[in-house]
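Should a chain be cited, it is by its letter among A, B, C, D, E and F, assigned in written order, with residues numbered from 1 in that chain.
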Amino acid sequence: MSLANDRIRKLLTIVTEGAIESALVRDLDRLGAHGYTITEARGKGRRGVRNAGWDASSNIRIEVVCNDDTAAAIAAHLQAQYYDNYAMILWASEVEVLRPEKF
Amino acid sequence: MNPIDPIILFFLLGLIAGLARAELRLPAAIYDFVSILLLLAIGLKGGIELAKQPFGDLLPQILAVLAMGFALPLVAYPVLRHLGRFQRADAASIAAHYGSVSVGTYAVAVAYFGTREIFFEAHMPLLLVVLEVPAILVGIVLARGMSRETRWGAVMHEVFLGKGIVLLLGGLLIGWIAGPEGVVSIKPLFFDLFKGILAIFLLEMGLITAAQIGSLRQYGLFLLSFGMLMPVGSALIGALLGWALGLSMGGTAVLATLAASASYIAVPAAMRVSVPEANPTLSLTASLGITFPFNVLIGVPLYHAMAERVHAFLGA
Amino acid sequence: MNPIDPIILFFLLGLIAGLARAELRLPAAIYDFVSILLLLAIGLKGGIELAKQPFGDLLPQILAVLAMGFALPLVAYPVLRHLGRFQRADAASIAAHYGSVSVGTYAVAVAYFGTREIFFEAHMPLLLVVLEVPAILVGIVLARGMSRETRWGAVMHEVFLGKGIVLLLGGLLIGWIAGPEGVVSIKPLFFDLFKGILAIFLLEMGLITAAQIGSLRQYGLFLLSFGMLMPVGSALIGALLGWALGLSMGGTAVLATLAASASYIAVPAAMRVSVPEANPTLSLTASLGITFPFNVLIGVPLYHAMAERVHAFLGA
Amino acid sequence: MNPIDPIILFFLLGLIAGLARAELRLPAAIYDFVSILLLLAIGLKGGIELAKQPFGDLLPQILAVLAMGFALPLVAYPVLRHLGRFQRADAASIAAHYGSVSVGTYAVAVAYFGTREIFFEAHMPLLLVVLEVPAILVGIVLARGMSRETRWGAVMHEVFLGKGIVLLLGGLLIGWIAGPEGVVSIKPLFFDLFKGILAIFLLEMGLITAAQIGSLRQYGLFLLSFGMLMPVGSALIGALLGWALGLSMGGTAVLATLAASASYIAVPAAMRVSVPEANPTLSLTASLGITFPFNVLIGVPLYHAMAERVHAFLGA
Amino acid sequence: MSLANDRIRKLLTIVTEGAIESALVRDLDRLGAHGYTITEARGKGRRGVRNAGWDASSNIRIEVVCNDDTAAAIAAHLQAQYYDNYAMILWASEVEVLRPEKF
Amino acid sequence: MSLANDRIRKLLTIVTEGAIESALVRDLDRLGAHGYTITEARGKGRRGVRNAGWDASSNIRIEVVCNDDTAAAIAAHLQAQYYDNYAMILWASEVEVLRPEKF
């Protein structure tokens, strides 16, 4: 498994409120993500403990594997649209993918 | 004297366990399941009753209660904005919470009057549904003005297609179509277990409330007073309206409870999407940390007494 | 006329909520729980009845129904392959779905005949179990031939140790060993709540069906026709067989329903592992998006009428 | 002869399905829900009975049972340390498991005596709670000595605020305050469904037990013998104590069962936090893989016979 | 925490259908993975939305920390065996581990 | 999205027993983590299969985004305090964050 350059993509991980899942997923589609993976989560951050005991305090953790431009577009959009008003955190890293044509 | 209702004790158990940081947590899936059962059961019960009476007779009541739903947040907003010095979005969001209703509180009232065998009009679930919506719309307009930017399509989707309304209305329609005999076969789950399920729900609500109380200190005295006085004021409006509409004493008390209750499901979800700059901790601390326990522990018997007075003074 | 069964209304509620994209989702854990309860309850009911009659008497019926389970996918396959022009793996997989049975459809039929107080043979759950398996084997052979490569050990594990069979058979055995009196103590959960639990299950099935319908457009008219005509054809075979086996009219109708129903639990899981190149969207669109709602809404009463005709024309 | 109790069959179904590696898994949320319901129901039942009798009368029994809770792990520890050659921490942890109690085993005993209509004292849930705690403290002291380092605050939190104690005690208090009439409204969920819920719980326990049995081979003969002989010895102590305290034959048998049962919820959690160097696989293999099935399948009837003998020989 | 070379391992993340969990886990064992972590997930990709509402539409997300060779072997095996017929995506990245002797 | 140096943080991922969640979370707070995200997990490792069927066999997966020093402190603490006695695994990688001032 060589880290050949053409197989490198960005992995964006977003942790945010469950309440905005449908809006977010629509945005991801629009911004060019070919897919995403969601897991249920809880956690703590600036906006306090979100323990997932019920709707209003549940987090989701979204992962998107995409190319650099899409990653940049998504990050910019989330920062502009959601970062101030929602419990949200976002990080990015580089990953190597199989079948790069998928992304 | 009546014994303490065990469901209230379940709420206290959750509250105390939560405050003592016990290792007790209800899985989210179970909380969901239990809420779904309660919403459907309440809807079904209302629907069965609707099947018994011509819908037209209820129209005046529906319209009057709808008007109350628009009015209550308009009363709350200036108090919050000027006395409470909240920012516009926050004041609007809290007002929306208090103008709408809490299904959990309603269920507690149903259990309370059921235990005491006090009659109340059986179409109350319909009024519950009716009261859920208008405050949300008022809240959004208060926060945004009648701005063109508000995506009313999305708002309407959020409001009418949220879990609460869909299950309450769905239950109502199913009960209405199937009628009393049709529903017999599903009675064991939805009706016989109702209070047990409600007990589990209140256990979890106690735990949730305990988690909110932490943030109470931060917001201080105004929110505390508002969370206890606003429901009493709303209850009075509800009781007077109930009397004016010719409801029975029990019905008047239930309508007062509905008016007094503050939403913590439908409204927070809608506000999160439509008025995101409002701080959800503020409104949930008030509605869950103060008003819900207040209503469950003190409010319901108080509104019961209130309805008795109103009917005694103003005549039946 | 009989009133609409409320459980059907729950299915419609789920379907409509799903199509309207309402924010309604049953947690996966609850879906699992509810299916487990239904499977156990159906098994238990059958087991209790088996305890009452000598097993030997049932052997002819079991063998005949087993034969039908092998035959039905062999009827479906050429239709799918030649008329539908599906690829070999897809045709085989869909055929396996339609040769096997749907526990949810069976439960709806049980509720339907229960409400109408129409007698049917109590060992039907045994036939349900019997019908579940052979179509899977036929499907795999149709897709692969009798190839040496098929790991039959893994296939058998998948087939006989899947959730559905284990719980149905387990329930059967428990009911059979414990007998009617033994089971009394667990009756409130498994029998009294049965229709309520079924209502919740159908609510979720409505939501799932709605999600499948989206892919319907893609696959077009053939699948739509197949999904409605195949069950009617199978039902006829089932009804004739039921009559030939000397079943009561109710029993005949239930066997027709079993034949008509298409699997969406056991078979998809087995096909995923054993015939992975078959596209699961195709078979699930057909079985869940078309046949399940068809059977639940139209099929069961239709097969009831069919059984009545068969018994009237051919004599009892 | 009494028929086999179906709940035992559910345990066997889970056990066999687990050993056969069937695709059967109960969602963790459902396991949680089911345990919560059982714990609350047992507590409630005990609380209702407490409401009927003066608490003072029970004090001697409570103190005696408390003493037994301190004594049992002190009996087990030297056996494990010297005969079993376990490391200090492991011996202490296993001793704590066997000194404490299993709510699941208790529930099976309740069902067993209920089916046979054998009277036993209704305040047994109180003794269950009392027995849960002391063994944990003894276990920690055995592992650590009376070391200053032990953070007793954290230990006490873990012990008294674990899910088990909170729900049992909470249920007890609710039952006690609400009394028999108060609890009527929640009876359908907590009491009528009790054995059905227990059946589901035991199904999952069977699956869990099957998973433990794998590690049995590793630990061999000593653990196997200990897991079957220790409960019998403890049961004898329990039976003699029950007789000495003047309990009925049924009550004596239930106390023997309590003594015989080994914890798998409260103690593992507490040991994990307070004696982390003890290997949890060891103690869980013993308590879940050996003693739980032994008690459920053989132990309860055995302790029943034991109590009969004790009462016959020593006089009532 | 220095990125010392001998502490670097591969982290493989696989998102795929819940239906093949047992087969996959057997493969991982056989191919030399010393462990794995699974979380329940849902998501969207080439094969449409998989919303985890019920068995047939549930995803799992598997993480495996292992050395380069094992990672390559696993990736190759998954690509050959599952990629065409199953909803599946796989990405790899480099991580630093504590106690490298474990992997 | 440039990998500007001042936006690089460490992402620590810890998989361990659910039983020690509250203790762990307290430690994270004390050691200077500004937040964390938890998901439920199951898995396999040295200490056998942990299938999450019930309390004693459930895993949690914790993610912490933090600066290098905090990451080192957390890793050292976990290694000293928990690694020997608990089912636990820990890995670290570098990620780019939005709003670095948060961490």
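Worth a mention:
We take it that a residue touches a chain if its C-beta (ideal position, glycine included) is under 8 Å from a C-beta of that chain, and two chains touch if they have at least 3 such contacts.
If you're wondering where the values come from, they're calculated on a predicted model, not measured in any experiment.
Path length between chain A and chain C in the touching-chain graph (shortest route): 2.
Taking the CA centroid of chain E as reference, the farthest chain centroid is that of B. Residues touching across the chain C and chain D pair largely diverge in numbering: under half of the numbers involved belong to both copies. Distance between chain B and chain C, defined via averaged C-alpha coordinates, is recorded as 41 Å.
Chain E and chain F, compared by their mean Cα positions, are separated by 19 Å. Residues of chain C found to touch two or more other chains are 23, 26-30, 188, 193, 269.
In chain F, the residues touching two or more other chains are 39-40, 93. Under the contact rule defined at the top, the touching pairs of chains are A-B, A-E, A-F, B-C, B-D, C-D, C-E, D-F, E-F.
Residues of chain C that touch chain D in their complex: 27-30, 32-33, 36-37, 157-158, 161-163, 166-167, 170, 173-175, 177-179, 181-183, 185-190, 193, 269. If you check the complex, the residues on chain F that touch chain A are 1, 9, 11, 25, 34-40, 65, 93-99, 102. On the side of chain F, the complex with chain E involves touching residues 10, 13, 15, 39-46, 59, 61, 68, 71-72, 75, 78-79, 83, 89-93. Listed in rising order, the residues of chain D touching chain F in the complex are 25-26, 28, 31, 204, 207-208, 211, 215, 264-265, 268-269, 272-273, 276-277, 280-281, 284.
Those residues of chain F that touch chain D in the complex are listed here as 17, 19-20, 23, 40, 47-49, 51-58, 82, 84-86.
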